[in-house]
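Here subunit A shows up in two complexes: once beside subunit B, once beside subunit C.
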Partner chain A sequence: MFMHDLRLAFLSLRRNPILTALMVIAIAAGIAASMITITTYHARSGHPIWWKADKLYAVTLDPRDPDANGAFASLQRHPEYPPLQVTYQDAKALYRSDIPTRAVMMFRASRVVAPRKPGEKPVALDTRVTTADFFAMFDVPFIYGTGWSRADDEAPSPVVVLSRYANQKLFAGVNSVGQTLTLNDKDFRVIGVIDAWNPTPRFYDLNNGSFDLPENLYMPFGWTTALKLPNNGNTNCVRANAQVGGFEALLTSDCVWMQYWAELPTATQRQKYQAFLDNYTNEQRRHGRFPRPVNNNRIVDVDTWLEMYEVVGDETRIQVAVALMFLLVCVLNTFGLMLAKFLKAAPISGLRRALGASRIDIMRQHLIEVVIVGLLGGALGLVLAKLGLDAMRALATRPIPGQDDNPARVALQQSLSSMDTQMFFVALALALLTGILAGLYPAWRIGRLSPSTFLKTQ
Partner chain B sequence: MEIRALLSAMWRSRVGPVLVAAQVAITLAVVVNVAYIVKLRVDNISQATGVDVDNLFWVAMQAYVPDYNPAVATPADIEWLRSLPGVAEAANSNLIPQGFGTTILPVSYDASLLAKEGGFGQGVAPAVIYLGTARLVETLGVKLIAGRGFSEAAVQPPAADGRATLSNWGPEVVITKNLADKLWPKGDALGKTLHTGLVNKPATIVGLIEYMQHQPVMGPAADLFRSIVMVPSTPASQRTAYLVRTQPGRRDAVMARVEKDMAELQPGRYLSAMEALADSAERQRAGMVTSVVTLGVVAAFVVLVTVVGIVGLAAFTVATRTKQLGTRRAIGATKFHILRYFLVENWLITSVGALIGCALAIAVGIKLSMMYRLPQLPLLYLVGGVVALWLLGLLAVWLPARRAAAISPATATRTV
Partner chain C sequence: MIEMHDVGKVFRTDVVETHALRHFNLKVEPGEFVAITGHSGSGKTTFLNVAGLLEELDSGRYVFDGQDVSQLTDNQRSRIRNEKIGFIFQGFNLIPDLDIYDNVEAPLHYRRMPAPERKRRILSSLERVGLASRMKHIPAQLSGGQQQRAAIARAIAGEPRVILADEPTGNLDTTMSNQIMELLLQINASGTTILMVTHNPELATQAHRQVHIVDGKIDQIHHFNALKVVPGGGRGTEAASAGAPI
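Showing the complex of A and B:
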């Protein structure tokens, strides 16, 4: 029965090759445009640490002046959000709380490994200066060794953790734990090497591009002041009286430049922590800080955080919307063509009905035709989408001057326009849905027609 | 006109016309909004940089020894760069136009507005701050409309603490006209004192730049990135960046020379990055170019598919009504009547679709402008869209209608 229907469907499709081709191409174009844009959207709206999504919280306070002028507020899309980062003095104060299971204060810096023998080139390493919990909190995998302790932050101990890439570059990939590394002019001991770890988007610091690799070197937080480390990222002085000047001023003034995260697995902890933050800012207000009258302290989970700061980007969203509208036009178009095609061939169905085929038979035969068109369109659409994404990937691999030559970066950039299995099934579902949406009514309409109408007109 | 007959015929097979009208409606909403979004981006991409983008490049030196001394190294580097054959001018700068990073500070004509407890008041504007050595203005190749670039004597030696560079200012500054017009609307900025918040520095305005763009961005920041202050200072940090302007056609040769020899002029450093400014500018615009291409291609396909839909419907109507059309011809309708019938039918469908499409386009436009802070969709786009769709619709229906008009009256007499 099915094979018979299939044969009839193919015969019918071949009867009007141009019309069939038009329908297939329309669906294919709609699917391709949708898949290219949805894939980009999907890759950018990833859940980098989904298994801990309800445990990790970005902590932000709002030490800003009220913006009487509005000249600065108009530059922000959401002037009501507190700054993305916290000040050094607030980070230090929050770190004293023992409510979170774990907490990190951190920032990005840069260190250089001097040439170790003549003729060797110096190696610049993006550096994360952070407190000890970073590795356990973000589930960073280690190949060799471990991270450091809170006591190492305090000391600070001359220890560092390397990325897999840095270990490859500096120690040819062998276990480098215990080796000494001269960073700028200071000796550090390697205590750990982390494995490939590319949270995408790089949620924990949205400063230097959300779609880049994590740092290559990790250093205990105490080195911030010991080495007067300059940060590589935004420094935003949020009060009119903030004194911008040397390093010491940066530590005491209302300039935000550090990221702060807390692990708060239970609702009780979150409530207590929110109360702690509000107490803290109320107390600071008495000392003339936090001039805004209402507390705007936020603890934000990872997914909300990525949404708040619009990691996906406007262009991607607009493209998806336009592509889906296009797909809708394609559905309507195929709908119309399918209806016309079925009605034109209605006398044949009338004949079949007269010879004993039931309404269901007629409908099924036409539905199979519809599904075939949908699947053909979907298959062609997938091929077109792949070509489009390949072109986008080729564009994404242009190196940026000053970046290291880590091949993982190219892989990451390319993954932003690569279709995964999930996307493949989305494409399949979209193709079937398109075909059925476009063909259900025409098939039903044909099935409902009384055979006599057609036999008469002949 | 046989409007009633036409409407009754359409009503009898209403699904087809409804589908085409829906396609026209969505097409109008998509095309009008995409055209506007694309226009905004193209405007942004094609904005002038104000600098001599084709002959400039930048190079960054990264030091890794603690005794690296910018007070000695930076002047020596600039002198070396200027001595190279093919180099027109060179300077040190904390920011690279069309590059990465931005320093923004609040500026005003009145220091008290900047010191106000509880936030900046009226008369304060944000500005992009370039800190650079003598002849920075000349190196960039921007056009001065009044005054001069800052003098050699005004350039501050590097601060002892790299982080203090930002507050290490000379007594004079050069600003862009865009900023000058905001603070001194009467056009008398030259010679006035510009006060800068956070670093608390007053400086005399000695020159006005006609136009310069720090980075191409959309939205309210676009204006900020044309409000620039150039400050005479020698940046002090482990990483120093130089801007070099070459004579026309010599850029690549100079870059090759710099890559080969410059780092070795001082011990304990290396060349960490270098790029032609034209490439930096292109990189800054790459995302928007991709977006324009993607949106443009998809919108073109939307139109194409809708046109195919109109042709398809008309061709189907003609095919199924061959006999009736023949009969009409036989009882006196001219070819013109038949042609007119199809053109009017299509025009009606397109118009109904366009009417719904207008409402849809405005709704989408409002939603977009709220979500993405775009300016409201100008009505002119809507008018243009409707006219374009009318023309396209008539064009699409023309061939099937011609075919219908060509049906011989004799068809009526044939059976089967």
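Showing the complex of A and C:
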């Protein structure tokens, strides 16, 4: 019976090819628009480290001046949030706590690798200056070697870890552990090479492009002061008397420029750590810092962190909503076309009823037709969506000098605008739902018609 | 075979109420060939639709093949239509994009009949109407008479108890009409009850009875040929006093 219905459905679709094409195109347009926006949303809204969702916490303190007349509040979208980075002195103080299982203070810098052979050019590498726990805390995979210890941070030891891309570029991809690099006139020994690692979004530092790649060079935090490393990320001075000034001033001022993360696997740890933060700010208040009367210290899980940074962004959500509304318009169009088509073929349905088809038989046959239209629309929609995503990718890909040959970067760009298996099935389900929504009433209506109505006119 | 007791059927719109059948009483015996006549709008087609369970009756009682079908569900009515009733229409009502084989097959599908049995019945009924060689033609490739024969093949493929024919020769010339009538008489002779709406008085006289409807009621009944049981279990006719009302 199903094959019979299937055949009738195809015959019916062939009977009026223009109407069929219009319905398929209407659904395809809606599916394509929806899938482009949903795919973008999906790619941006993924959890970059879901397996540690309840363990990793960004740490924030609020050393801002009181906003007595609301001047800051009027400029900020979320004035209630504390600054999303911490000051150097606070980071150093927090790092002394042994409550977290692991803790990381870090910032983004830049180093230049001197040519290793005559004729080579210096290579600028974006650099993460971080404490030792970074690699274990964020589950960074290594292909060669390993990270450094806390003692290396303290020393600081002249060691570095390279990204896979940097290792490829500097050492042709071979095991470079033990090799020496000259960074801004100082020699460092390579102790590890990171495998492909691309948390999307790059949650641990959302200041410099949420969807950028991780850095290519990692060096111990102790080099911050030893080399007076300049911050290559954002610096915000959150008190009236704080100024960026020179490097020494930056270390003691209320300017936030460091990211701080703590691994707190248990509720007890989180409670103790929250109390520790509050005690710390209370103590600092006695020294004239943290002028706001109420503590606004937060330990924030990754999900909340991404929301606070508005990684996905309202505009992405609005795009999805608009696309879904467009899909609804397409459904309504298809609904009208489907109803017209079914009513036009009502005499044949009446005849089938006379020949013994029940209402359910007629409805099922029409629903199969509807599903076929939905699937055809979905298939065409997927093709259109792919073209749209390719076009988006071409428009969005910004050339970065020296990194255009980085396969990880290409992969990142593709992952942000590619339809994965999950999205493929979402598209199919959406197409089916669209077809059924558009055709359910027409199919039901045809099934309800009195069989005798059209027999004389057939 | 068919018993209608005080059957009424009313069509209502916002402003008009039309009594298509009123106090309609008729009994049709198994194997009978009944011609239904009447002017346009007299209720012939409505009677046929009610008899064929295509329309629900508004009042009265309808017994079909020994079963009261007045209050059946849509599914039950569909099943009876499929298994016990064959329809023939003035406009042939073949599905234009299916070939003749598939057209004849259509009602058998709804009976969920196995494919080999369907095939046997289709071939048999097409042989019977002389269209076996045209089974792969679509309706548009056939003449009107051939299309009506295809429709008859479709009606008999399910081996129904009753065939309801609504002006089956209305779109055909005299020669074709006679051929179709001949075919219907053969089918009736094999035991199938036939109710045929017709405007053609000559054809009506070939039936066992002519039931004349006026304003939704039976006005006259004429017996032309008496129904008789022939030796061997089949059915046949014998001449009766033509025009004599019962």
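Just so it is clear, the second predicted complex is superposed on the first by the 433 of 458 C-alpha atoms of A that agree within 3 Å, B and C clash if a C-alpha of one lies under 4 Å from a C-alpha of the other, contacts with A are read in each partner's own complex, and residues count from 1 in each chain.
Quick note on the criterion: a residue touches a chain if its C-beta (ideal position, glycine included) is under 8 Å from a C-beta of that chain, and two chains touch if they have at least 3 such contacts.
For clarity, every value in this text was computed on a predicted model and none was experimentally measured.
Of the two partner chains, subunit B is the only one touched by A:315; subunit C is not. When the two structures are aligned on the shared chain, A:360 is found in touch with subunit C, with no touch to subunit B.
Applying the stated contact rule after C-alpha superposition, one finds that A:245 touches subunit B and leaves subunit C untouched.
Contacts of A:450 after superposition: subunit C is touched, whereas subunit B is not reached.
Contact with subunit B, but none with subunit C, is seen for A:323 once the two complexes are overlaid on the shared chain.
Which of subunit B and subunit C touches more residues of subunit A: that partner is B.
Contacts of A:291 after superposition on the shared chain: subunit B is touched, whereas subunit C is not. Within subunit A, the residues touched by subunit B in the first complex and by subunit C in the second are 458. Listing the residues of subunit A that touch subunit C in their complex gives 1, 4, 11, 14-15, 347-348, 351-361, 450-452, 455-458. Looking at the complex, you find that subunit C touches subunit A at residues 45, 49, 52, 54-55, 74-75, 78-79, 81-83, 87, 89-91, 93, 95, 97-98, 106-107, 109-112, 154, 158, 166.
Interface residues of subunit B, counted against subunit A in their complex, comprise 15-16, 19-20, 22-23, 26-27, 29-30, 34, 37, 60, 62-66, 105-106, 114-122, 124-126, 159, 161-164, 166-167, 197-200, 220-221, 224, 237-239, 268, 270, 272-275, 283, 286-288, 290-291, 294-295, 298-299, 301-302, 305-306, 308-309, 312-313, 316, 319-320, 368, 371-373, 416. Touching subunit B in their complex are the following residues of subunit A: 19, 22, 26, 29-30, 33, 36-37, 65-69, 71-72, 74-75, 77, 110, 112-114, 121-122, 124, 184-185, 228, 230, 237, 240-247, 249-250, 291, 314-315, 317-319, 322-323, 325-326, 328-330, 332-333, 335-337, 339-340, 343-344, 392, 395, 398, 400-402, 441, 445, 458.
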